[in-house]
C-alpha cells in the first residue's frame, strides 16, 4: 500500500510554545513517559490530531474549489492559515475556552487568519465529524501502515529467520505443560509466523479501508445538497476523501459507521494476542527448570534489586502485560458501537484514547523484535528435556503402530506399559523389550518403524518441513 | 453457501434416556429455560456436540478407508456404532467417570460396539482436538449459516421493507438528543440495513472458513506420518475435512489457530451491536414525550404489575440487554487466544460456553424481527416534534446560504439570531424576518433556497433517495 | 449467620410437568448439562426464582395482615395458592404468553386460586421489582451462604491442613519463573488461606446485606402511602423484608440500588481469582520438568486420547478456565449499574444470568477442594530443584551479610561472583571460596551466617512459622 | 482521615530538566494533554512515582536506624541523596539504560551520592517491590484521600443542596422511558446522594487500608531475618510502614496481596458508575422534547460547528464516556490478580497504568460538580410533561384504592379504563367519571383519596420527605 505522502507534508510541524512546556516525567500515561515513542507522537499525539484536522479543512476547501465554488486563491489562503507555524494548539485551546466547542474553535482560528472573502468557505457545509472522523481515519491508518505494520513485518522477518535456523532443532512438544511428542523449535516459530502474517494481512486491509465522511450533521447531505448547482453531494464527498486516500461508507449518520473501526482495532488486539502468546511460550521456556531459551543479557544487566543472580524474562513479561492493556481497552470501542439516534456524544472522552491501542501494539512489536534478535537457544537443555521422561513420549507411535499391526486394544496396552515403566523406573525402551505380549507385533514392524521407537529425534512428523517451508509462500 | 446436508443426517437423533429427564425449569441458564429455542439445541446443546464429534470419527474412518488403510466394512461398522440410537450420552458420561477423559470415553464406547478387526481404526492417529475442534467448527458454522444468518436476513428484509415504506416520512434528526436537522425515518432504517448487511456478509464468510484439523497431538502430523506408505498427512487431513466442508489452517498446534474463531465470534458481537443500536433508537423514540414509534400491543398485554396504563418497549430493552451479554462473554474468547506451548487446557470450561454467544444472537435476531413487524409509526407526533423548536432546525441552511452569498461571519450571525428567537419566543421565520442586517443577503436567495427556510420538509438532503435506494444493490 | 430456614419451606417443590420434560443433554449451558449441580438448582434455576417470588408474595400478604389490612384467612389462602403443588411454572408461562408480563402473569395465577375477597390483597401496592429484587436478594444470599461459602470454607480447611503438613517442606521460591530464594510449600498454601479467608469474610457480609425493597413503582412509596391509615410505608417495608432476613436501602428507584449487588458479585470474582491463582501455581508445579506436585491419578484415568503416557493437570486447568468466565460475566453486572431515570429494562435478559456467576464459583470451589484432597507432593523433586542452580539462590544472603559487614558495593560484587560461577561451571560455594577479595568479610561472619551460605534449607526466613501459624487466628 | 503530611514534604520537587522538555500537545493520553490536571500530577505522574519510591527508601533507612543497624547520620545522608534537587528522573533513566532494572537503577543513583559507609544501608534487605508496592499504596491512597474523595464530597455537597432546593418540585417518574407515577426532582437527586455517599465511605476505607510490605523477595522475610539480632522482621516491617501510615498484610509474596487493591479500584469504578448514571439521567432530561433540565450556557458557547442553534449536554456526555474508560480499564486489574508462584511480572506494563483510573475518576467528579452548579431546571416543562398523558399516571392509585375498597379485579378494570381513555381521547378524570361500573367504589373514597385522583401533585408518596431528609444523617 502506498500513501499520499505529499499530503502528509501539506502542513508544517507545530511551533513549540514555551507556555505549555513540561517534562515528560510529568505525564501520567506510560505512553507519554516511560514508553514515549517519537514515531508514534507523529500520528497519535494531540497535536497530530490537530494537524490531521487542519489537513482535512484544506482538502475540503480544495474540493469546493474544484467544484467551482471558491477560487484557488482562497484555497491557498486557507492552506496558509492552517499551517502550524501560524496556528498553534494553544491558540485553539484558548478559543475553545471561549466557545466550548473544539472544532468550531479551530474553524474560528482559521477564519481569523483569512480574508473576509475567504471566511465563508472555511468548513463550509461540514459538520465537526466530517473533519474529525476523516482525520482520525487518516491518522489511525497512517500510524498503522507507516509504523505498526512495518514493525510487525520486522517481527515476522526475524521469526522467519529463526524458524529456518531452528527448523531441525528437536524440542519436546508440550501439552498441559506435560511432555507430549517431539517437534522442532523452528516449527513452533513457524506457527507464530503464519498467525501473525494473517493478522498483518487483515490489519493492512482494514487500516486502508477505514472510512471518512462528508455527509453533514445527520449523514443525509442536507447542507451539501445546497451546493447542488455546482456539484452533487456524493461526488463532493468522494473527491474530498480521495485526496486523503479515503473512501466513504454510505449512509453515515453524523459519524461514520463504527463497525469498520471496531474490526480494525480488534485485529490489532489479535496481533497483540499472537505476540503475547509467543511471549508466554518463550517466558516459560526460560524457567529455571526448562532453560531451553534465554534472553541474551547485557553485561551490566541486573535481574533483581536484592537477588544478584537473577536473570528475568522481563521483555516477554512486559509484552504479555501490554496485551492485557490492549484487550481491556478494546472493550471501550465495542461499547462505543452504540450511539443514540444520529449520534450522541457519550464517546467523546473515550474516543480520544483509541490511538493508545495502536501505540501500545507498536511498543510491543518493537520490543518483541528486539528481544527475539537477542534470543539464545540452549541445545543441551533441549536434549536433556527431550529425554527427561526416558522415552515415554514415544508411547504414541507405539500405540499407532500396534494398531496398524492389528492390535485390538493398542491404546490401553501402551497406557499400561507406560505405567509399568514408571513403576519399575525403567526406560520406555527397556519396558518395551520386557513386554512379552507385544513382541509378536513388534516383530512385524519395519526397520523404519523400529527406529522411531528407539529415538524421539526420529518422530518429529512434518515439523522440520513446515518450519523450512515458511518462506515458500512469499 | 451450500452445506453438505447429507452429512448432517449421517447419525440419527439420540434416544432420550429417562434417567437424565428433567424439567426445563430446573435450568439455570435462560438459554435452557426462558429462552429455550429448539432450532439452536440442534447445533449447540451438549448432545449436538457429541453428535458432531461422532460424525467426525466416522469421516476419519472414511478417510482412512479411502487411503486403503481399512476396509469399507469397517467404516460401516464404525458408522453404525456412532449411531445415537446405539450410543447414548449417558453411556459416554459413565465411561468418562471411569477414565476421566471425555473424548477417550467416547472412543472407548465406539470401540466396544465394533469387531476386534475394526477396533484399531477407531480414532486412529487422531488426538482429541482433531475431533473436537473439527466438530466445533462444523457445528458453529451450521448454527450460524442455518439459523443465525437466515434470521439476520429476515431482519434485514423487514428493515428494507420499512425503509422503503417510510422513505419519505420526515423526522427530525437528533444529535446529543437535541434536534439537529431533518431526515426521514426510512433513512434511519436504511443506515441499519447497510451496517447489518455488512456484518452478515462478513459473518457468512468467517463461518464458512472456520478451520478444522487432523494434525495430531502437537500439530506436526507425527502420528499421521506413520501412515505415509498409504497417504501423505496433508492429503489425509484435507480429505477428512473436505467431507465436512472444512479446510485446515497449517500449522496448527494440538488445536486450531484461534484467530479465525475469534474473528467469527467478534463479528457476531458486531451484528448484535447493530441490533442493539437500532433497539436503543427505537426505545428512545417510544419515550412518552417523543412517541414517534410504538410497539403494537396485544389486546391483553400488560405493561406494569402496578401501573395499569403502562406500555413498555420491552422487546427493544431485551435486545439491548442481550447485547451486553454478547460483548462481555466475547471477552473470554479473547482471553482464550493465549495457550501455552502446544496447548494448555485453561480454556476447557470456557470453550464449552462459546456456543451461547451464537444462541443469544439468534434469540436477539428473532425477537428484533418480530418486534419490527409490529412497529407502529405515529406521523402526528413526527410532525409535532419536527416543529417543536419552531423552525430553529433550519439554522444550518440559513448559515450555509448566507455564507454562499458571501456573508463574512455567517455561523456567528445565525447563532445570535437563534438566541434572539429563543429570548423573544419567536419562530425562526419571524426572527429571520425581523433581522434587518440579513435582509440584503436574503434578497439574493433563489426561490428554492427560500422554500427551504420556510419548511423543514424541504431540507432533508438525500435522505429519501438513500432510503429508497437500499434495495438497488441486490 | 443463621437463616430463616422455616421460610424456605413455606412452599413445596414444584410438581414436574411432563410437557416440559427434557434431557439434560438438550441443554446449551454447561451449568445445565456437564456441570449440573443439584444443590445449586435449588436456588438458581428458573423454578427456584419463581419459588422465591411466590414466597415474597406470601410475606407481602402477611405484612398487610399484620398491619390490619387483610385477615389471617386471606394470608392462608394466598399461601396455599402459592404452593407449587398448585401453581406450576407452566401455568405462569401460559399466562405470560397472554399478558406479556412475567410478574403480572404470576399474580394473575395466584388471584385465580383465591376467593374474590382475597383477590385485592394479592400483590397489593407492590411493583414487580418489589417482588423480583427481593426474591433475587434472598436467593443469591441463600445460594451463597448455604452452598458457596460452605464450599469455600471446606477449601480453606483442606488448605490449612496441607499448609501445616508442608510447613517445613523446603521449596525454591520463584519469581519470573526463575529460582529466587527458598520458602516452604506450606508457606505458599498459607498465603492462599489468608487471601481466601478475607474473600469469604467479605462475601458473607455482602451476601447477608443484599437489600430488598417494598417502595413501589418509582421508589417513593407512592402506593404504600395510600395505606398510611394502617401503617407507615417505611415500617411496612421493614416488616416485609425482616421476615425474609433482608433490609431495605432507602431510597431505591423502581429497583434496589445496584452497588451492593455489584460489590457482592465482585467479591465472588475475587474468591474465584484466588482459586485460579492457586490452580495456576499448582498447574505449573506439575510441569514435566518441575514435577513438585501431582494430582493423584485414578488407576483407569487417561490423560490423552492419543498419548497413552500423559497425566494432565485437568482440574487446575478447569478451575482457571472457569475464572475467565467469572470475570468476563461480571462485566455485565458493571454495565447494568446504569439504568435510565427511575429504571429502564435494558438489564432484563442480562440480570437473568447473574446467578450463573455464583454457580460457576461453587463448581470451582468443589472441584478445587477435591483436587487438593488428592494432591501429592514429590519431595525428591523439591530437593532436586532446590539445588538446580547449584547454590546461586544464596546470592541474596551473601550480599546482605557482606553489606552488614560493611562491604561498600555488595550487590554488584555478588552479581559478578554469580556470573563467574556460571561461566566457570562452579557451585556458588566453590566460587565463593575462590573469591579472595571477599574472604576478609567472610572471616567476620558468625557461624550461623556461614551455615546459611552452605545450605538453602537454612535460608527460609519465617516461612515455616507463618505456615504453622495459619490456624492461630481461629 | 488525616495523613502524615510532614512525610509528604520529605523530598523537594524535581528540578525540571531541559533535556526532556516537551509540549503537552506531544502527549498521546488525554490525561496528559486535554485533561491535564496539576493536582493529579502531584501523585500520579511518573515523577510522583519516583518521589514516593525515594520516600520509601528514606523510611527504610530510618527504620534500620531505629533498630540500631545504622547511624542517624547515614539516614540523613540517604535522605539528602533522595532529594529530587539532587536526583533527577533523567539520571535514573540513564542508569536504567545501563542495568535494565528500574529500582536497582534508582538504588545505584542513591548509593553514588552517599559515603562508602552509608552505601551498604541503602535498600538493605529490600526487594524492589518492598519499595514499589509501598510507594504505590501511599500515592494511590494520597491521590484518593487528598484529591478524589474531596472532589466527590464537593459533588455530594452540591447534590445535597440541589436535593433540598428541588425537594418539592414535582416531576413525572419514568420507567422504561414511559411516564410512571410522580416523584420530585429533589428525590431523584437524593437517591444519587445516598449511592455516592456509600461509595465514598467505602472508598475512603479501602484507600486508607491499601497494604504496603517489607517482607523481601518471596514474602518470607528471608533477608530480614538476617537482621534478627537487632530486630525481628515483623516489627521492622510494621515500623517501616507505620511511618508512611500503612499496614502490612501477612503473608505477602514478592508483592502485596492483590485483593485490597482490586477492591479499592473497583469502588472507584462504582463511584464512577453512580456519576455516569446521574449524567445519563440529566442528559436525557435535556432532550429537546423533555427539556426539564438544561446546562446554563456561556454567552459565547457553541453547540455545533454547523448547526448554530444547538445546545448539547456535552458535560454529561463526557462523564458517561469516561465511565466506559473506568470499567474497561478496571478489567486489567482483575486480570492482574493472577501472578505465577511468588510473582511473575506479566503485570509490569499494565500496573503502570492503574493510576489513570484514579485520574479519570477525579476528572469526572470535578466536571460533574461544575456542571451541576450550572444546572437549570425548567419548571414549566416539568409541569407540561407531568400532564402529558392527561392523568393516566394516576392509574396506579385508582387501582390500589379500588382494591382497598374491595374491587375484585382492580388492576384489570383500570387497565381497560386507561385503554378506553386513550381510544376516546379523554383525560383520565373524564374517563373515570364516565365509568359507571366504578362509581359505587368511588363513592366510598375519602376526600383525600379523591384529591389524589384529581391531581398528580398529590401523589408523590414520600418523595419530598426523603429529599429533605438527605442531610439528616450527618
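Think of it as A, B, C and D in the order they're written, each chain with its own count starting at 1.
We adopt the following convention: a residue touches a chain if its C-beta (ideal position, glycine included) is under 8 Å from a C-beta of that chain, and two chains touch if they have at least 3 such contacts.
Predicted, not measured: the structure shown is a model, and the values here were computed from it.
Comparing contact pairs by residue number, the interface of B-C is reproduced by A-D among A-C, C-D or A-D, since over half of the pairs coincide.
When you average the Cα atoms of each chain and compare centres, the chain farthest from subunit B turns out to be D.
Centroid to centroid, with C-alpha atoms defining each point, subunit A and subunit D lie 32 Å apart. Subunit A and subunit B have Cα centroids separated by 25 Å.
Centre to centre, using the average C-alpha position, subunit B and subunit D are separated by 35 Å. Shared interface positions of subunit B, defined as residues touching 2 or more other chains, are 104, 107, 125, 174-177, 180-181, 216-217, 223, 283-284, 302-307, 312, 314, 317, 320, 331, 335, 344-345, 396, 400, 411.
Those residues of subunit C lying in contact with subunit B across their complex are 14, 16-17, 20-35, 40-41, 44-47, 50, 89, 98-101, 103-104, 107, 123, 125-128, 131, 216-217, 223, 283, 298, 300-307, 312, 314, 317-318, 320-322, 324-325, 328-329, 331-332, 335-336, 344-353, 355-356, 359-360. Against subunit C, in their complex, subunit A makes its touches with residues 172, 174-181, 283-284, 286-290, 302-314, 317, 331, 385, 388-389, 392-393, 395-396, 399-400, 411-412, 414-415, 417-418.
On the subunit A side of its complex with subunit B, the touching residues are 69, 104, 107, 111, 116-117, 119-121, 124-125, 173-177, 180-184, 187, 190-191, 194-195, 198-199, 202, 216-227, 233-234, 249-254, 257-259, 262-263, 266-267, 269-270, 273-274, 276-277, 280-281, 284, 320, 323, 327, 330-331, 334-335, 337-345, 396-397, 400-404, 406-411, 449, 452, 459-463, 466.
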